[in-house]
Every structure is written in structure tokens, then in C-alpha cells.
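The chains carry the letters A, B and C, assigned in the order they are written, with residues numbered from 1 in each.
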Amino acid sequence: MDRGLTLRDVTILKIGAPLLSLSRHIGPGEVLSVMGPSGVGKSTLLAFITGTLAQDFSATGTIILDGMDVTDAPAYQRRVGILFQDDLLFPHLSVGANLAFGLRAGGSKVDRQTRIDEALAEVGLDGFADRDPATLSGGQKARVALMRMLLSDPCGLLLDEPFSRLDTALRAQVRELVFARAKARALPVLMVTHDAEDAAAAGGDIVTLSPLH
Amino acid sequence: MIGRIVTALRSKLSTDVKTRHDHKSRCVLPVLPAITLLAMLGPVIAGLYGTILPAFGHLPAAGLTGPTLSPFYDLFDWAGLPRAVMLSVGVGVGATALALTIVALLTAGWSGTPAFRFLERLLSPLLSVPHAAAAFGLSFLITPSGWLSRAVSPAITGWDRPPDLLIVQDTWGLTMMAGLVIKEVPFLLLITLAALGQADTGRSAAVAQALGYGRLTGWLKTVFPRVYAQIRLPVYVVLAYSMSVVDVAVILGPNTPPSLSVYIVRLMSDPDLAMRLQGAAAALLQLALVIGALMAWRIGEAIVTVLGHRWIMSGTRGKIDPIVGGLALTAGIVCAFLVLAGIVVLGVWSFAGYWSFPDFLPDQLSGRNWMRFGPGTVEALGETALIAAVVTLAALALTVGCLEAEYRYGLRLSSRGIWLLYLPLLVPQTAFLPGLQTLMLNIGADVGRLPVMLAHLVFVLPYVFLSLADPFRAWDVRMGVIANALGARPDRVLWKVRLPMLLRPVLTAAAVGFSVSVGQYLATLLIGGGRVATLTTEAVALASGGDRRAIGVYGLMQTGAALILFALALIVPAIVWRNRKGLRYG
Amino acid sequence: MKHLAILAALIVPVAAIVDPNPADWDAVKAEAKGQTVYWNAWGGSTTTNDFLAWVGSRVSEDYGVILEHVKLTNTADAVTRVLAEKQAGENDDGAIDMIWINGVNFAAMKEADLLFGPYAEQLPNWSVVDVAEKTVQSDFTVPTDGFESPWAMAQVVFVHDTADMPERVGSMQALLEWAQANPGRFSYPQPPDFLGTTFLKQVLVDILPDVSVLSAPATDENYAEVSAPLWAYLDALTPNLWREGKAYPATGTAMFPLIADDELDLSISFSPGAASTAIANFELPDTVRTFVLDKGTIGNASFVTVPYNSGSKAGAMIVANFLMSPEAQARAQDPAILGYGTVLDMTAITADERAVFDGLDLGIATLSPADRGTVQAEPHPSWATRLADDWADRYGVAQ
């Protein structure tokens, strides 16, 4: 039970009224798909896990990541990666700088550059390090966003409907890539999605949330 | 508001041990909103207190004690009061409405077109011209012996003497309104463009056009409501300013009678101390008028909303769009022309030898005026720039700090809080600056640069906040979530992600703040005790003498001082983001 | 012994803040060295500003006093400032060290005990001031009592462009007739500007059969009767003014550009040499000349005064004294520089100094002292105040 992402008796409340409740364990390399109607609070659940819960919401319960209780830790210390629908690459940084942003401190400049180049090669974007993110295609941006997150060495990965902006052809490709990389690094993945196909492709358990009242 | 800050502070400090590292910024940041409000409101409240007492007859220095209503009776005895009030209200509301209409129609009909982009590029120079310089320029252009008249005389008009027409200082205040409109249009346009960037307008306009609406009507029906909600407060500020401006009123407004604000300044400077009571009463009246006008405008908004709904429901597609659009573009171009030509004519006067009607150009051009006034301007320029730079930096620091505190601790200003923020801009300067002068003396912060900077900060902060708040808040918060997830502390997120992405809005806010400081007159004069000489105080002092060559020199220097920063606000992002397509257009 | 030592220690600082005594001129000079004097003076005339800058360089050379010219739009602003400082208890080092002042402003400050002095008559150069012929000891009939020292004589002159108005007019009545024949070619600054108010006084002085009533304060009983002819005059004049009297130039100097623009043919000025100076500076065409009325025109003195709370009183006195020196007076009279009248008695100065005055080229538009006719006395300040207020009610609101 040590490795992986555990949600214990997590209840999300909106202005005091309970919204949803979840208690699950996601092992390393496993994918949990969370589905449910709009407004049930799926994205809020992710916000709770990343530590960026909005003003109106509160939550109870515990989050344990690789054996560490991170429920009260500040957002930047949780080591949970997240991918949104939009790639959200930092527009003022080059592709390489975007990737470098997440790299842990330490290592010589050369080492860091090597790791960035390796990450780019892993997703077939050799030589893109100095490119302007705005000049990339949708699929390329998604790949860079993924590698950026992976370079920060997270202990878990959250996906907030990450493929819904991509066209169908690209979708399968990127989906495949994300799951493969996550599995390769033995990361627990919690994916929120509307698309049954995504859930099916994930191949893990599916939880359908329903509102508590 | 204070209570919420304390609660947030307490809860944040008590819950978490691991966050020791943040202690430093934790302690300073949540308190910043309170400090900022104090810096802005303290002087205003103290100044008002220093005005309310005399208004009710209490002025110990003159041996008068209240309370009594006699200052108000004296005020209402003034024969010019009804006209002065009508002038203030009429010019204020008229200028604001006209400027807003021009800007709305211009944006509606032309946003995204090359013509609009041309006007956008003119915005910086237009905004950098201080109000007083623009007013001088306009007057030098349109008086019967002005440049426009000289251009067509005696060839077309046959005049060898200027006609005796009352244009500048006309009794209806139309010239004064024009002088305000030509400066408010660029200001409102800038604010609107900032709002456009946040309101996802391109797609709505495209959808409307696909549905068969004319370009202008489609934009007005689909985008304007959203945009207006964001520019509402700046519009109020324009309204309050137009109603209570002093320097433009002196230059372009009538003198028989003058507008209420000019009358107030006159009363407040009268050596007869009893007049000061009447001045204080008039100041309170001015305040009441501004409040009333704002409320009336609010009601007007509701009426326009109802009418607008009906208009939208009627489904008219806008057949006369091209005509209206053409008129709006003409109006926009005319405004820009008048400001720019005004600067040019200031320049010509600054180099003029003897120049009489109907010569279009001076008999001789010489650098004599610059040599005469030059050394004085350089000194004043240094003073102006120093004060403006320090004040702008302080305002930016406070603003960014407040906005970041709002983001991190949820200390959002309630809607009542927002009004407090704009209080210094809505309260007429003539109402509280003399009272503020007394306050500064009482605490021993007598004369000098520092009190003047503090006084300028009162006026610069709201503009900087206004300019920066929406772009700052509209920043995609998910970027912050991602940065946090990548392990970046909140401070790192601010300095390495948020602020760099907001470089253009930050520089624009700095330019706005800088030019507000450059253009301050009453604040520098009264709080500086006359020992702080900025370009504006020097220019206005010379203005009473009618020396156009001096006015030309100082007007150009004043404009240049503010233009530099607007130029930087344009150039620096273009250079820094030359390889970053995503940020090039803010 | 201990008590005496403590007393001595207390007395010394007290002595240091006692005001300088103008009679002990050496002590004044010693104290003034290194002081900065903030002279608040109207800044609306570039020629005056240049002159003040010259004064600054001279007092710095000779006495080590640093003079800063604080440019005012309105002298009343300085009065406001000193008043605010008194209100706040700032009694030792106010922002203002010297004010160029006269008339109503002086009367207000004197009455409110805001002035340092008396000092004027103890200044060394007072001995060469023309006390007999020139009104330097009373300011608009209010006795100065030594609280202000004079530095320039002003006299009302009319300025006309001979290209359009070849002949002078000899009286206010003649001016009215000329204006009726040439509407829109004359104006005067809007009261309460000091020159505009002076125009009102000038009309009254010229058309009243008995002007002695103006030397006494205006009373509720006699005001209406005495001022009635003025209002009748203005009722006839105003529709024939520039812009039909719906707008007025702000100040006297603002009228010169209007003459240059050919909008006006006739205007009024307080400085006999100002027109020549303006011609020399390309601000007026060289066809401009000046004249006075047959009965003469109003004249007064410009003074400087020192606020009670100035921190540089010794330095201010040095400057005040220098302003009365023959060197400064001659330079001020030179129309290429300033064109003001002098306060000095020509018989009291040395022959060399007199030669400087005689050698001045007064300028083509300046009347020689002999041609300036009688200098009429200023009415009591209360008349100016009432006339200005009444004017504002009657003509300050366009009909």
C-alpha cells in the first residue's frame, strides 16, 4: 500500500454542503478514470489533490502519495503532476525553457540540457528546444506539456480531460503516449473525463461519481 | 475588510509548519492591501476633514468658529453659481458621453481592420500628451487667430484680421468639452483594448457577422455589454475628472462664469480668509455634484440596457452601419489630428521669432526661445522624471503586491472596496488638497520632494491599479496550478511566470502612472510649497502670462517626458517577445 | 552655580532664534551667508523671471546668499501657504522667505500678523529711496510701517498698435467713443486680476469729479453712489469689447499676443517699458506705442515682504536691500531687460550712478518720465475689493 496515490474518505464540500465523496487507492502504473455529470465536482477533486482548491470549496479526508500524507502540504511541495485540456505552455519561454522549468535544481548546465534533449527525443521532437511554443501544432504542444510534467519527477499524474481539445486522429496517438509514459515511470494516474473511449483506453477501473444530494 | 485580512493571516500562520520558508512574504503580503488603501485614502480623508470644517464655518486661524451654514448662503448668493454648476455637469457628462460613444462606435465598426491598427499605433503619443499641453495645443489651433484659421486666411476666407468669434472660452463650454474629448478618447480606447483582450471578442464578432449582422451592429450587440462591464469604472473616473478639472477649464473653459472647480481654486487662494469658507462649501457642492452625476449615469446605464435589449430583440441587422462607422472613424481621426497638430503648433511656437496673423509660418525660426527657457526646463525635467519614476515604481510594487495577495489569500476587494480604491480620483482635487497641505504641516512633513511623491502616489495608485488589475486577474490561473505542480514556490510563480507573461500590461500601467505624475499640478504646487518645480507647475505659471513661445517649449518637454515611457511600453515587449508569437499582442 | 550654568545653556539656543536686527547690518550680512531665500514671485513674465535670476547671481556673488525664484500664478497662493503654516504651528522655518507683494495681499497679511518687521527703513539703501515723490511708504493707502520694502514703480499705460489705431485717446470717455466706433478691438484683463481691477479703478479715477473720496475706505453708505458712474460706463462699453465681453484675457501679459495676432488694437499695461521689451523680444510689432491719459494714470509701487516664519530672514533682507541698489534699479529700468520704473531719488545717488540711468535707451514704445503725466494715487484697497466683486456679479456672468 506504500506506493501509489491513496484517497481516504475524501469529501469535497461547496460552501459547507457535501458535493462528492471518494475513497480509492491507485497503484503505480494504474489508471483510475473518474466520470460523472458536469458540475459534480470532478475538477474540484483534482484541485484538492494539487492543493489549489478554490475559495468556495473545502474538503475533508486524506491524500497519501507514495506513503507521504500531503493533505496539508502546500501545492508546490506535493509532487503531483497535472495536465489540462489546454497545453498551457508558458508562452514567454522557449520549448526547452518550458521543460527546464520543472527540472529539479541541481546538476550542471550540460546535464540539464541533456535531460531536456532526451525528453524531446522521447516524444519525437528532436531539436525543438529553441522553438517558440506558439509555433507548434496541437499535438506537438500536448507532447511538450506531457514531458514538462514528467521532467519534474512527479509521484502521481492527474489528467483533467486532457484529450478533449485534440482532433480524433491525434487523440488516440496522444492518449497512447501519455498512458505509456506514465506506465513506464510507474506513476498512478487519476483521469477525469467525459469520454467513455478515453476510459476504455485507459484500461483501469472506472468510477462514476454521482452528486451527494 | 481588515477583519478578513487578520483572519486569513491567522489561519494561514496557524495551520502549517512546513511553510516556514514563506514566512517573510507571508507577513508582508497580506498586509499590503491595507497599506495600499491607507496610502491612498488617508490623505483624502484627512484632506476632506480639513475641508468639511471650514465649510461649516470653522476656521480657527481666521478666528472663525462654527458650525454655521453661512458659507453655503454666501455661495448661493454668487450670481454665477447656476451657470457654473450647469457648466461643470454639462461639460462633464457631455464629454464623457461623447468620448464613450466615439470609442464604442470606433471599436465596433473597425476593430481588427488596418485603419484601427493605425489608430492603435497612435495611442501612445496621444496618451502621452498631458491634458494641459493638449488644451494649449487645441487653443493655439482653433482660436480665430489660430493655426487653422491662418491656414485658410486670407486665401479662402479673405480675412486680414481675425474675426471676433468666441471659440475658445465660449460660454457653453463646447471648446472645453472638445479639449477633454480629444484626450479621453485615446484613454478610453486604451482601456477598451485591454478589455477586448480579455473578453474573447473576435469569435463573438465573427459569429454575429456570420448571422448576417453588419460589423458595427454585430459588435455592439454581442461584445459591447461584456466590454462595458469591464470599462465601467474608468468611465466613471473620466466623468468625475471632466466635471472637476481645473487646468483645462482655465485654458479652454469660459470665465464668465468659470466652471465650479476653477471658482473653488480662486476662492481657496483668496487672501481674504473668509472666502476660504465659501470655497470649502463650494468644494462640498462639487463633491455632491460628482456623486449625483455618477448616480445619474448609473441609472442611464440601466436605461440603455433596457433599450439595448429591445434593440437586440428587434433583430435589425444594421443597414446604416457603414455610415455610422464612417462617422466614428472620422471622429477618431479628427481627435487624433487635433492632439497631434496641437503638439506641432506648440513646436512651431517654440521656435518662432515674430509671428503674426495671417502668416502660416513665423517670420523667422530661431532657437532663441529654447536657449532662453532650455536650462530651466532641464532642471524641471529632472525633478519631474525623478518624482514620476519613484512614484510609479512604488505604485507598481504596491499594486502587484495587492493583486498577488488577492490571488494567494483570497483577499479580494469587495465592490465597496473598489469604490474606496477610486475615491482619490472621484473626489475633486480642489476639495481635499488644501486640507492635505495642513495635515502635512501638522506632522512635520513640511516641504520637499518626499511629501510631493506621497501626494502624487495618491493619484497614481488608482490609475496603475486600474490599468493593471484586469490583465493581472485575467491571467490563466491554471498556469499557476501547473507551475506549482512543477514544484515552483508562489514567489517563483509570480516572478518567473506571471509577471513575465504580463510584461506588456505592467509596462503600460507604468506608462500611465508616469504620465499621471507628470501632469499633476495642484498636488505639486500646494504640497511642495513651491519648492518643487516640475514641468507642469512651471508651464502653468507661465500660462497666465500668455507667452506662447514659453508654453510651446514647456508643453513639448512635458509631452516628451510622458511619451518616453509609452514608447518603451510599446518597444520593449516587441523586442523582448520578438520570438514569442503568443505574447506579441498582449 | 549649577543653576546659572543651566540657565546659560538655555539662553544660548533661545538667542539663536531671535530675529536678525536690520540696523546691525554687519550681523545681518554674516548671518545671511549661505542662506537660501525662497522668493515667491509672480512667474508669468519671462523677462521678470530672467531679471530675478540675475538678482540671484549677484547676491550669490556678493553676499553668498542663494536665491530661489518660486514662480507663482497668483500671489494669493503664497498668502494661503503662510496662513496654512501658521494654522499648523510652523513658526520657525516656513516654506516662503520673501514675497513680491502689494495692495490687497499686503493688507491681508499685515492684518493677520503674518509679516516680519519692521525692517524696510533700516536697510542701508533706504537712504536713496525717493520717499517724498513716490508712494513707497503706503501701499494702496495702507501704511507699510516698514513691513515691506519697495523695488519697482509701476504706472498704468495704454498700449496701442499705431498701424490700426494711429491716435491716442485722452480720457476714458474718449476711449468709450473709440470702442463704439471700433467694436471688438479693446479688452482688459478679467478682474480680480490686479491689472483688470486697476482698469476699473482707472475709469473711476478719470470720470469722477472728486477723487478724494477714494482715498478713504469704501463704506456701505457711499459705495453705491460713488461706483454708479463706473457701471454706467461699463454698460456702454462691454458690448463693444473684444468677444463682446463674454470672455476676457486672463492677465495683462496675455494681451500682448492678442495685439500681435491683430485681435486687439488697444490694451493696458502696468509697466511703462513692457511694450518696448516685448518689441525687442519679437512679441509685438514695432508699430506699437504707449500713452497715458490727459489727467494722468494710476501708479503704485511693487514691494517685497518677509513672512514672520521665514527661516532666512537675514538673507531676505540682503536681497531686499540689493533690489533697492542703484545697480539693480538701473538694470530693472532698462527696457531691454525689464522696463520697470525706479523707486530711487535721482538726486540722492552719486553722479556716476545717475549717469547709468541717463544712459539707458528707454525703447521706442516707452514714454520718458517727463511724458508720463501725473501719477495718480491708488484708491484704498477696500475699493478694489468691492469693485472687483461687484464686477464679477455684473459682468462675470455672461448675459
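To be clear about the criterion, a residue touches a chain if its C-beta (ideal position, glycine included) is under 8 Å from a C-beta of that chain, and two chains touch if they have at least 3 such contacts.
The shown structure was predicted, so the numbers you read here are calculated from the model rather than taken from an experiment.
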Exercise. Which one chain sits nearest the middle, judging by mean Cα positions?
Worked result: B
For this session: Select the chain at the greatest separation from subunit B, using centres from the mean of Cα atoms.
Result: A
Exercise. Can you give the whole-Å distance between the Cα centres of subunit B and subunit C?
Worked result: 38
Seminar exercise, completed: Between subunit A and subunit B, the Cα-mean centres are separated in Å by 45
Exercise. How many Å are there between the centre of subunit A and the centre of subunit C, using C-alpha atoms for each centre?
Worked result: 81
For this session: Using the touch definition up top, name the residues of subunit B that touch subunit C in the complex.
Result: 60-62, 78-80, 83, 143-145, 160-162, 164, 166, 168-171, 250, 254-257, 266, 268-273, 352-357, 372-373, 434, 437-438, 441-442, 446-447, 525, 529-531, 533, 537-538, 540-550
Problem set entry | subunit B-touching residues of subunit A, taken from the complex the two chains share | 47, 50-52, 55, 72-82, 84, 86, 88, 90-92, 94, 101-102, 104, 132-135, 148-149, 152, 154
Exercise. In their complex, what parts of subunit B are in touch with subunit A?
Worked result: 15-16, 18-19, 22, 410, 476-490, 493, 496-497, 500-501, 503, 577, 579-583
Exercise. Where on subunit C is subunit B touching in the complex?
Worked result: 38, 40, 42-46, 50, 68, 70-74, 76-81, 83-90, 93, 95-96, 104-105, 108-109, 112, 183-184, 190, 192, 242-251, 253-258, 260-263, 282-283, 285, 385, 392-393, 395-398
